[in-house]
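Take a look at these structures.
Two complexes, one shared chain (chain A), two partners (chain B, chain C).
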Partner chain A sequence: MISQLRSMWLVFRHLFTPRVTVEYPDEKPYLAPRYRGRIVLTRDPGGEERCVACNLCAVACPPDCISLQKAEDENGRWYPGYFRINFSRCIMCGLCEEACPTYAIQLTPDFEMCEYDRQNMVYEKEDLLINGPGKYHHYSFYHVAGKAVGGKDKGAAENEERPVDIRGLNL
Partner chain B sequence: MSAPLLAQLTTIFGILTVVVLLAALLTWVERRLLGLWQDRPGPNRVGPFGLLQVVADMIKLFFKEDFVPHFADRPVFILAPTLVMATMLLGFAVVPFAPGIGIVDLNVGLLFVLAMSSLAVYSVVLGAYASNNKYALLGGLRAAAQTVSYEVFMGLSLMGVVMLAGSFNLREIVTAQEGGWFVLPQFLGFVIFFIAGIAESHRLPFDLPEAEHELTAGFHTEYSSMKFGMFFVGEYLSVILISALITTLFLGGWLGPWLPPLLWFCIKTALLVCVFVLLRAALPRPRYDQLMQFGWKVMLPLALANLLVTGGVLLWLQ
Partner chain C sequence: MPTITVDGEDYEVEAGQNLLSICLSRGIDLPYFCWHPAMGSVGACRQCAVIEYEDDEDQQGRLVMSCMTEARDGARYSVDAQTAREFRGGIIENLMINHPHDCPVCEEGGECHLQDMTEMTGHTLRRYRGPKRTHRNQYLGPFINHEMNRCIACYRCTRFYRDYAGGTDLEALGRNNQIYFGRREDGRLLSGFSGNLVEVCPTGVFTDKTFSRHYVRKWDQQMAPSVCEHCGVGCNTAPAARQPGSPGDPWLRRVTNLYKRDINGYFLCDRGRFGYEYANSPARLTQVMERDNIELIGSSSGGGALSHRQIAPADGVEAFARHLEDHGTGKHLLLGVGSPRSSLENNFALRTLTGAEQFYAGVSAVDLQLLQLVNSIQCDERIRSATTPEVEQADAILILGEDIDNTAARIALAVRQAAQNQRRRQAEKLKIPDWQDAALRQLPAAPVPIVFAGCEIPALADCCSDHVIGTPDALVSFGEAVLEAIGASRGGTDQGDTLTDTGDSPLSRDYLQLARDTARALVDAERPLVISGCGAQHPGLLRTAGLIATALAEERDEPVNTYLSCPEVNSLGLLQILSSADQHLERAGSIMADARKRGIPVTLVVLENDLFRRLPQNQAQEILSSADTVIALDHLLNDTTRRAHLVFPTAATPEYQGTVINSSGRAQRHYCVYEGIGFIQESWRWLADAISASNLHSDTADLVRSWQHSDDVSAALAEALPVFAEIRRLMVSLRDNFNVARQSHRASGRTAISAERRVAEEPPPEDTDAPLSFTMEGVHDPAKTTLQAVIRAPGWTSNQSIHKYLQGLNGLRVERGAPTLLQRPQKPVPRWQSVELHACGNATNGSTTSGRLLAVPLHRLLGSGELSSSAEGIASAIEPPFAKLHPTDAAQRGIHHGEQLVLNLGETRRQLHARVDFEISPGVVGLPCGFPELADITVRLPVAVHIKPVTASDHTAGGDEP
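Presenting the complex of A and B:
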């Protein structure tokens, strides 16, 4: 009985404590930078699309809401021909961001994406693509990866040794 | 129609309308208070302070589909929710709000209220039975068992008050408290009646008949629209009725200095209603067997002891 009275008293005291909620549409709550909301596709510092259409995000996605198709440009760089996220199925789990080897796909702290028409929840590549690098300012996949593309040969990446010519080795 | 009859009808409809409106308003009061106690504002958007939330809810309930499942026992299913409202409103007939304000002055007023508030359980049991649904049936069984157990000492706990006042008439019980409120000599009776009152109105923490976490919604699982609304209003009516009864029996009814009697009555009742809400905010629901054990093994002996001691002391004083 005492413990019941005590908990009633403790709850009663909350009448005089400040409220922890904010009145949302009038006052926006603070969201952490890594809050998981609307998904964007970012570009590397050179302004090129980061996504290399590896499909890892689509594989990782639990509700299977990412769909994309690989295409290749004249330099041999891969990019998604189309890239589609169905936000009416996305559960904002962030697994796509974790799976992505190029930091291309990122979640942002924007969650206000209601629509009256379900079809409008399907975002195409032009809706997803942004002009900046997102959370990782200096990262560029092709500058650190060993793959040769137009304008960057093998061994030209940062911290990469020149390829070894095995026929030149005197074994 | 003669003038006194007309006056009487006006009082009856006046009081009943006010009481039903208050019950509806209580849905808003409860949510606001719960909100504050949970560190959030509660419904505050519709109208000033969110007061019109009640109206919005009413409109919503009226426009919901009034669905009767095809497997339900149709007449009983429809009858059940009206019973709780009817019995609760009848219970208000004998409540003395202030000198001269009240519907009837029965000399068995107390018994009448007790009878009406126990009749209300038929509404729950019948509704549960007519729904033909497992969860509802379990809820109904619980309600029946709970009422049977708590009814026993609910009545017994009041006998002390009756002995002190020497009357079953609620008005006379109030006037008998002019020397001092019965909550002091009958503190144990007050506590027991309060607990029984919570069980009687199926309010948290004794809301086992509807226990959302185990029984989806218990006895009103199959109910929708205004039928559900009537169960809801019935529950709030019984909260008000129990609070009004406690005020009348233990807290001196309309007695109080300076302010007009009716205001005193309303203030005391309103504070008790807030305590009901606080209970809901603070306490978890006991397990069903704990509830039964508590009733039979703790409350009943306590009520009997209270009765015995009160009787003994009264005899000794004579």
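Presenting the complex of A and C:
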């Protein structure tokens, strides 16, 4: 008897507590920058595509919903010829972002991706690529890695000596 | 057998082996870089350090390099000891100091020995923060990409390239921390084995440039065991494929070596490694095509070429069936032309379709004769066909007329290893183990008697003890002199030196002496070897080689090892399918001409064969034009398919399952790696479809109709021809859903790769022929089955993990049974007379009479192969067509090096670059065999030709004939 009265009291009291839910979609909830939503491909501070088509995101992906093909420009820079994410399979786990060695693939606080047609959930590179660096503003993979690309010669990366002149004495 | 203790475990080991190879073959993971199972130890990288204890009391022990330490009986070692682990960790940290942090953009990533070893050593955190040494890269040609920053200076590249493969243009330059592995200047790596650097280099310094154009990581590659289709050696390969995710990508991505002890071991030649691109060539046929009735304008028709339009495959098969029905009613003559570059199954299906009498080998009379000679020599019980390890162990070699560097390159690489055998013997005397590579190569030793006789100084010359350069006729004379000297030693007395010059010999005294020395070396050797082949297109040379080998066997009273090289992947197999010895193309031509005269319509079915590479242009054209209907099945658009009325696209070697016979008479299976695009399917399936669509009813037609699987055809073949009885052993039947996965366990992108077209995943294709799946489901462990071509092990992603699956160091692959050989009846070779030896297929003997030179074929690794010439990378490396002649011949005719000359052969006239060189014998002019522009001339070689410099009138008359 006492327990029933206590339950009724508790329920009654909840009428006056503030609501946790919001009137979505009229009111949008706050999502942290590191929320795991829609995936984007970012650009480095120089405005170039960050993705170097290393395939690590694809191999880390549990539902195997990422597919891409390496291509290379005339200066040796690797980039994805195509980059496809099948969001109808994506589980927003963020393992791709964790695997990415260049901060190219990032998850964003956007989850509003409903479609009537499942085919529309297949995103190509044009749909994924954004015009900014995302969460990591200053990182540029090619300025750390030793491979020469257009605009960065051998020896010009961080912590690199000038290339060895193999015809010199090299004392 | 000595017993050693490693970390408390006792192991019985083979005596004289080094600790590293023992540990690896016992499954103990021990990191290493500079050691290679085929190249031995040099102790350069210091990565494989272990602790050796003095005795049972010793607790401290001392560090030793396991690759340089011979296992002592009863000794105690530790791989796991803290000191050893710390030392190895320090070494890898040092090696990684300058490593450029570019694994994501490195083609080696995911199958990198350096990655594996770094993981194994536990070096996970980079402590060094100082500046890194950098290098500029070099352009190394169309095959190999250079990224010198990744180098860890293990010296494997130069040890392979220079010491093992005899290359000269890759060197260790610079010094100490700035050491640089490259060429003195930019340019293509000239060795025919440069592609192996990709697999030999433990890092990503040398990577496959052709692969990089359509790169996929190893975990995404779909693989199955295959056989290289570019020569007769039959090296095992692992082609890698991946479904294209966008329209421009090809299925086939690259070819890597698949270890097979008795044939290719760890290495492939460049033609085999980079020739795969023909399957992705723009000339690839993917649709069924029918002759269009549009008249081509004269200049583009190219002598009988037709224009084609695509038709539905069912219509094509229907049209094919109608021709078969006509044949069934006897109103028609149906002829089949087989192919030495297609599988036994395809050839047998065509033979069944046309009847054995109407099935012709797709080769010319001379080529067929050469194959028959190879076959008859191999059928002699005094002859054994040498495996590659046997070639490597030979201690006296005679190479007669075959430029194996270019026709059977893998065998030439084995001959190079044989050149070290005197040193090995010397080392044995000095109690130096044979894996002590650096010590071995510095030992002074007499050269191994390797005598090369040919028209041109070969690339192999640097490891030959002697070479004889002459016209084919002179080479036969040299062979006869060797034969005579072997016979003389048989007389009981050693008369080798007392043989007198008869005076009328065409050989100089030096060559006669060399012939005697060669004979003696062969007779005295423990493991002599005779090498010859079809490359010189000279039956006499083959006969001479056969006689020498049999005489040697008589002398030694035991079978003698020979290697007789056949030109194509299934040359020897095709020969066995023929019903009689004269089923060559010329005969097919005359039968067709005859039928035409009598008003009988002729249908010609050409199976995977370009007749314009088999016969002179006019003869090939005549054969095709004397048929009322030409039905061609092939991979590529070529001169024959251009002239066919019906064209069916057929599967290339990595796209279907088939059986081929290599030059040693060994049957091997290649499996479907991926299904061809468009309407590509196996030739035998097209033929079977045509029969099924026809209203023919006979026993053979019903047999063909019953074929569902590749194995059905193989079984019918084994049934019909007893010589193939053994190939039943190659059939792996499905048991208990035993499927082998073609994809790795971590293949990616399954739900995205085709989502662009259709988001719902489609079921993977099923392989009806082999117990292999096109998915990642199935057996992955290469130890369980040799059908698994993805070679990896936990912690070992690179191909180096193959040691996990071998029976001992450089042993057979686990589970691999005895070789499957042709069951040929044994029959002694006839005693050919001197006249027959000198008789040459095409040419007259008086080659240099009336100012003519004897044109001989010069094979080139890049360019002489039919299919590989269509590969993008190889096509860009093929030399422009040339004529190579000796300076005296050139001077007589006023021809200068580098200028144009005119070559007249009958009515054919060609302008070619003159290459004046002492490398070639006087009296001959060498033409690059099988080059796309010259194929119709080189099929006629050797033949006497007129050569003259280009005059002004030639310029006005124009260059090449159409």
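By our rule, the second predicted complex is superposed on the first by the 146 of 171 C-alpha atoms of A that agree within 3 Å, B and C clash if a C-alpha of one lies under 4 Å from a C-alpha of the other, contacts with A are read in each partner's own complex, and residues count from 1 in each chain.
Quick note on the criterion: a residue touches a chain if its C-beta (ideal position, glycine included) is under 8 Å from a C-beta of that chain, and two chains touch if they have at least 3 such contacts.
Note that the coordinates shown come from a computational prediction; the quantities given were computed from them, not determined experimentally.
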Request  = Return first, second, both or neither, reflecting whether A:P63 touches chain B, chain C, both chains, or no partner chain.
outcome  = second
Ask   = Given the touch rule stated above, what does A:R34 touch, chain B (first), chain C (second), both, or neither?
value = neither
Request  = Please work out whether A:H14 is in contact with chain B alone, chain C alone, both, or neither, and reply first, second, both or neither.
outcome  = first
Inquiry  = Is A:Q4 touching anything from chain B or chain C once the two structures are fitted on A? First, second, both or neither.
reply    = first
Request  = Check the contacts made with chain A and report whether chain B or chain C touches more of its residues.
outcome  = C
Ask   = Between chain B and chain C, which residues of chain A are contacted by each of them?
value = none
Key: List of chain A residues in touch with chain C within their complex   = 52, 54-56, 58-59, 61, 63-70, 72, 78, 81-82, 84-86, 88-89, 101-102, 118-119, 121-122, 124, 141, 144-148, 154-155, 157, 159-164, 166, 170
Remark   = Within the complex, chain B is touched by chain A residues 4, 7-8, 10-12, 14-15, 17-21, 23
Key: Residues of chain B that touch chain A when the two form their complex   = 36-41, 44, 278-279, 281-283
Message = Quick check on the complex: what are the chain C residues that touch chain A?
response = 99-106, 109-110, 129-137, 147, 149-150, 173-176, 178, 180, 182, 212-217, 219-220, 244-246, 248-249, 746-753, 755-756, 758-760
